[in-house]
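Next up: the structures, one after another.
Heads up, the next two complexes both have chain A, just with different partners, chain B and then chain C.
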Partner chain A sequence: MQMSLVIDANKCTACLQCEMACSYEGEGVFNPTKSRIKIFPFHEEGIFVPYTCTQCDEAWCMHACPVEAIVLNKTTGAKEIVNDLCVGCKVCTIACPFGTVNYNADSGKVIKCDLCGGDPECAKACPTDAITYQDANWTGYDKMKDYAAKAMPAK
Partner chain B sequence: MSWTKKVLRINLTAGTCSPEPLNMEWVEQFLGQRGLATKYLTEEVPPTTDALSPENTMYMITGPLTGTMASTAGRYSVVTKSPLTGAVACSNSGGFFGNEMKCAGWDMVILEGKSPSPVYISINDDKAEILPADEIWGKSVWEADEWLHTKHQDPQLRVAAIGVSGEKGVLYSAIMNDLHRAAGRSGVGTVMGSKNVKAVVIRGSKGVDVQDPKAFFDATNAGKKILAENPVTGEGLPALGTQVLMNVINEMGAMPTNNWKDSVFEGASKISGEAMLEPRDSDGKANLTRNGACFACTIACQRVSTIDPEHFSVQNRDDLHPSYHANSGGLEYEAAWALGSDTGVDDIDALTYAQFVCNEQGLDPISLGSTIAAAMEMYEEGFITKEDTDGIELNFGNAEAMIKCTELVALGEGFGAELGQGSSRFCAKHGHPELSMTVRGQEFPAYDPRGIQGMGLGFATSNRGACHLRGYTVASEVLGIPIKTDPLETEGKAGLQIAFQNATAAFDSAGICIFTSFAWSLEDVAPQLNAACEGEWTPERLGEIGERIWNLERLYNDAAGQGASADKLPPRLTEEAVKTGPAAGKVNGLATMLPEYYAERGWSPEGDVTADTKARLGL
Partner chain C sequence: MKHVIIGAGPSGIVAAEHIRKFDQSATIVIIGDEPEAPYSRMAIPYHLIGNIEEEGTYLRHKPNHFNDLDIQLINARVDKIDSVDKMLQLSTGVTESYDKLLIASGSRPVSPPIPGIGEPGVHSCWTLEDAGAIAALAKPGAKVIQIGAGFIACIILEALARRDVDLTVVEMEDRMVPRMMDSIAGNMIKDWCLHKNIDVFTNGQVTEIQKAEGNHTFKVSVKTPDGVTQLDADLVITATGVRPCADFLEGSGITVDDGIIVDKNMQTNVPDIYASGDVAQGKDFCTGEYAVQAIQPTATEHGLIAAQNMVGLEGAECGGTINMNVLDTMGLISCSFGLWQGVEGGESCQLVEKDKWRYLNLQFDDDVLIGATGIGYTQHVGIMRGLIQSEIPLGKWKNKLLENPLQLMEAYLACTQSAAIQ
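So, the complex of A and B:
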């Protein structure tokens, strides 16, 4: 079963546990600037929004890469960077409409979410279930259930 | 690991920024943050130094866990000599500034001397600069924050700044970071202002490493689980914030009201955490929008709030910063009490407005509210008149008056400049020092020690002046953590205070939030430190470090003239009995507890640290 990251901004407190888990998994250091997932606080609106790669099927980044350094992981559906092939040209960072592929100046390669091989650390670290890893075919399940509860006929 | 072992020393007089190694011998004795910076202070700043002179030094310091994934591990402290108390000042803050300092590769930033003109400090990893701040001098924290983000073209820059109050010498000015988080007490912002420093901005990209990652994840995950399953850290604080206490403390008759004349506040439920959830008439929204977290915090007690758009404080006020008409850092218990029940004001929107002003201009709402409350009693008693108050009718319960005073103090103007000297100086000036509810010149927090006896001993002996965050025996006396003790009894409270004071000093030196101690003991902290750091950190060793820190602070205060002679409470708390509620008839039994405390501390009957105790602790 293919799985997908599901984000519910209404549950996010902006604690950045996800950013640290991500940076540690990817770079071996607690460093939010090296995270593939970012939390965006909108102070005046009073909301915190986690944002990361949605693993598009027809991924702009993958199509744009001139050296085929972005490949599909058929098990997880993730589009993964092959570091040995990446030349750091950054065309994928331009192609991605969402900004979720970014250049890492320390390594000279790009970085993006790879779903941690199917066990995403951000979801495990999230203390409020704002980030969960669910059946890709049923990412709307919880929302549907909430609305179903509202539509439930009174006893 | 976990310590970067690097210190950035900034001499503002000479205009230099110099890296130096962290003193790792002192780390062995004092761990980090509160303890370690206090050691630096005691070695570098003579106790008799004028706190607002260039000879005072300010230490912004992280703990070993700061910047890691341990829950709440974003803390930093500001240590200096306090202009409010003349004693040691140590104010702890969350937000995202401490972790950024660590991420940039620094354990501590030291500000010494005084700049000849307004400046701010910019730190980008190894690069540190002293830059002109003329364009933001005179601006609020929020305005400065926006200007700095624009100037550096970096939305991820972390900013700690002072407001106008800190520039103007209000003695309880705070350093605000990340807009709403405060190193709040004892006037650390005033010291920063006295050095002509408006802000410190940091951007770090190096990250923080730990000694044993596998053990670290095991230990921190175990810690997070304990926090999640604890009723205070897992339910009460996320749902209602610190305001979870308003109704609890009021119901036990320990809610100081009208400058501590009363101990039960009729309007408590109207300004409580529960009230913040109630939809209002004007727009159907509740005061509370949601809860938020500081860096790495899995508790998330922070309030994100709005003011009723039809409330007089904000209606038709185009002059205000846009955040007053939107979401901002909401009401905390200590602000709700000091600006609310202590002044008799039960208007939750007035209090939220005053909280926003405190955040925007960098003020300690505890000292502010308590000083206004003392002035209200002086006004009602006829000791001051409208001629003294810039025409303000300063009666208890007058929300407009409370707001007007808050605005004047925030700008250090007129009557506000006088209130900005704190209640001790204010009451003394007008001939009634007994009406100042302070210890060592610092205003009390929201717990009447006639109804919670152990807190009276805690206030009297607190090294930074009256404070709830030095030995929070409320946890035991009210909440039953770790064991329930009778709040109306003095027996056993000396030992209880000492245990809390020592453990708190260790928590405060580790890089984590003291709120974890509702659920964690040092037994839970030790494995996290052990996995993150080199060396062996047992609960016993951490307890001893806590005791060493407490004694070091005390020795400094002794030499600064703020030792045993200042271990006392105002007569209202030891002579005037509580009138109503569960604590009716009670006064605080400090005279009974204090000799026991001195003896159990290993101090002389006069309250001096003995040579034996010093030798035992290696001081």
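So, the complex of A and C:
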């Protein structure tokens, strides 16, 4: 069963626990700027939108990588950065039309959501179930994909 | 079915692998004229810095990767294509037949017409072989002159600086990276280089490279609006652009303009012959015109689409690729997308923070983002591509962006996830 991150912005309170958990898991520091998931606030509307990679089928980042440093984890479906191979050329950061691959100048490598190998810390840290990790067939995932599809480059 | 691919760069390799996905029984042959395993030119600067070994530049890392996929690699140059008999003449003297042919022969550096350009000690930085030659001459304290301050030139600056050479850059245009950066951005990158103790001559032209007696190998004449200066050099690097490798197509009947003209299916004017990557003049998403882009994402997208058409998949069309680049000039990271110069009648906004080495410029046509330039931004930059290529009408968010261009991600989310936000 393929699992995916399901995001319900209406439940997010911008407590940023997900960003803390993510940066600690990924980079060993509590630093939202190193988080692979990001909360975008919409103060006028009073809503907060958690946003990260949807592990899209097109995998623009993976195909654009010139040194095969982004690979598919067949168990989780995540596109994962292989740090030992990443040269830090940043092509994936411009190729991803969702803006979910970022360059980390401290490491000289790129970072993106890898679903923590199948046990995402952001979902565990979220106190309001705004971020959950569920069966990919669950309708919420389709909804999220629909959002993403609107931003999908025209073929 | 026998698929033959000319060129072992990213476009050719992606195409070969993709053909194999769709056709388990096809014969697949890749012909490349460099002796190394298929590698990425983009990784050469990191090899030159010493961050990675030669193997780190390879496009594929698994031992026997190509064997396992039953993809045959031939090390030879293709001298001639006979499209009537569907036969290739190789530099090794043998011929190779094909049913479907993909030309992904890439590009090669342009050699500027300067007296002395052919001297030993003058190198381009394009192949692994070039990188080896440059590494041997770029010793600490060596005087290095780089002709050109384009994308490739900038990306190797760091590699050279880290080797503690005494570096001078000479660029003909009035700014650095003129084909990727506007005046503010190009000059900000120049100021950054000066700040990093690299001499930069813009509006400068190398007029002669002379062999010299004494401590240094060359005397290089540089002409600027202020006059002519003579500079010592131990190594001269030329990085004045690239052009498609299409000379061998003469007499083949294949139409070549700036590059090989292809249609939406990546097919040339000759049946069963396709082209992709740097050598192909494909559709530009933003202009609708056909142009050579010579960038990695386009090379792989072309390769995927060409492969699908070569195996006969219906509806595999290229709707146009976006010209885009990301550049790391000694730690200053810049990017540009699409029509970063803007269009007539369009609107734009910019945020200039010279003291922070940051710049963001957005270009709109009506309420659609059509181009962007950024310096100093590394987070969520891909969204600029997303907004351009999806042509999302920004509505009220365009005015918000005109006021504060930093709200790109918010604009994107509001316009695509409105169900969640409203």
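The working rule: the second predicted complex is superposed on the first by the 139 of 155 C-alpha atoms of A that agree within 3 Å, B and C clash if a C-alpha of one lies under 4 Å from a C-alpha of the other, contacts with A are read in each partner's own complex, and residues count from 1 in each chain.
Criterion: a residue touches a chain if its C-beta (ideal position, glycine included) is under 8 Å from a C-beta of that chain, and two chains touch if they have at least 3 such contacts.
Here the structure is a predicted model, which means the values were calculated and not measured.
Placing chain B and chain C on a common chain A by superposition gives a fit, with no clash between them.
Contact comparison for chain A: of chain B and chain C, C touches the greater number of residues. Using the contact criterion defined above for the overlaid structures, shared-chain residue A:C89 touches chain C, although it does not reach chain B. In the superposed model, A:H63 lies in contact with chain C only, and not with chain B. In the overlay built on the shared chain, the residue A:I47 is in contact with chain B and with chain C. Shared-chain residue A:M20: touches chain B; no touch with chain C.
Of the two partner chains, chain B is the only one that A:K34 touches; chain C does not reach it. Once chain A of one complex is fitted onto chain A of the other, the partner contacts of A:F98 are limited to chain C, with no touch recorded for chain B. Look at A:T128: by the touch rule set out above, it reaches chain B but stays clear of chain C. In the composite built from the two structures, the nearest CA pair linking chain B and chain C is 6 Å apart.
Touching of chain A by both chain B and chain C, each in its own complex, is seen for residues 10, 33, 45, 47.
Residue ranges of chain B in contact with chain A, taken from their complex: 67-69, 96, 99, 103, 156, 179, 204-210, 213, 224, 228, 289-298, 300, 302, 304-306, 322-323, 326-328. For chain A in complex with chain C, the residues that touch the partner chain are 8-10, 33, 38, 40, 42, 45, 47, 49, 51, 60, 63-64, 66-68, 85, 87-91, 93-105, 108, 143, 147-148, 150-155.
In the complex of the two chains, the chain C residues touching chain A come out as 10, 14, 40, 42-43, 46, 51-52, 56-61, 285, 296-297, 300-301, 304, 317, 319, 322, 324-326, 328, 331, 333, 335, 337, 378-387, 389-392, 409-410, 412-414, 416-417, 419-422. Residues 10, 13-17, 20-21, 23-24, 27-34, 41, 43-48, 125, 127-128 of chain A are the ones touching chain B in the complex.
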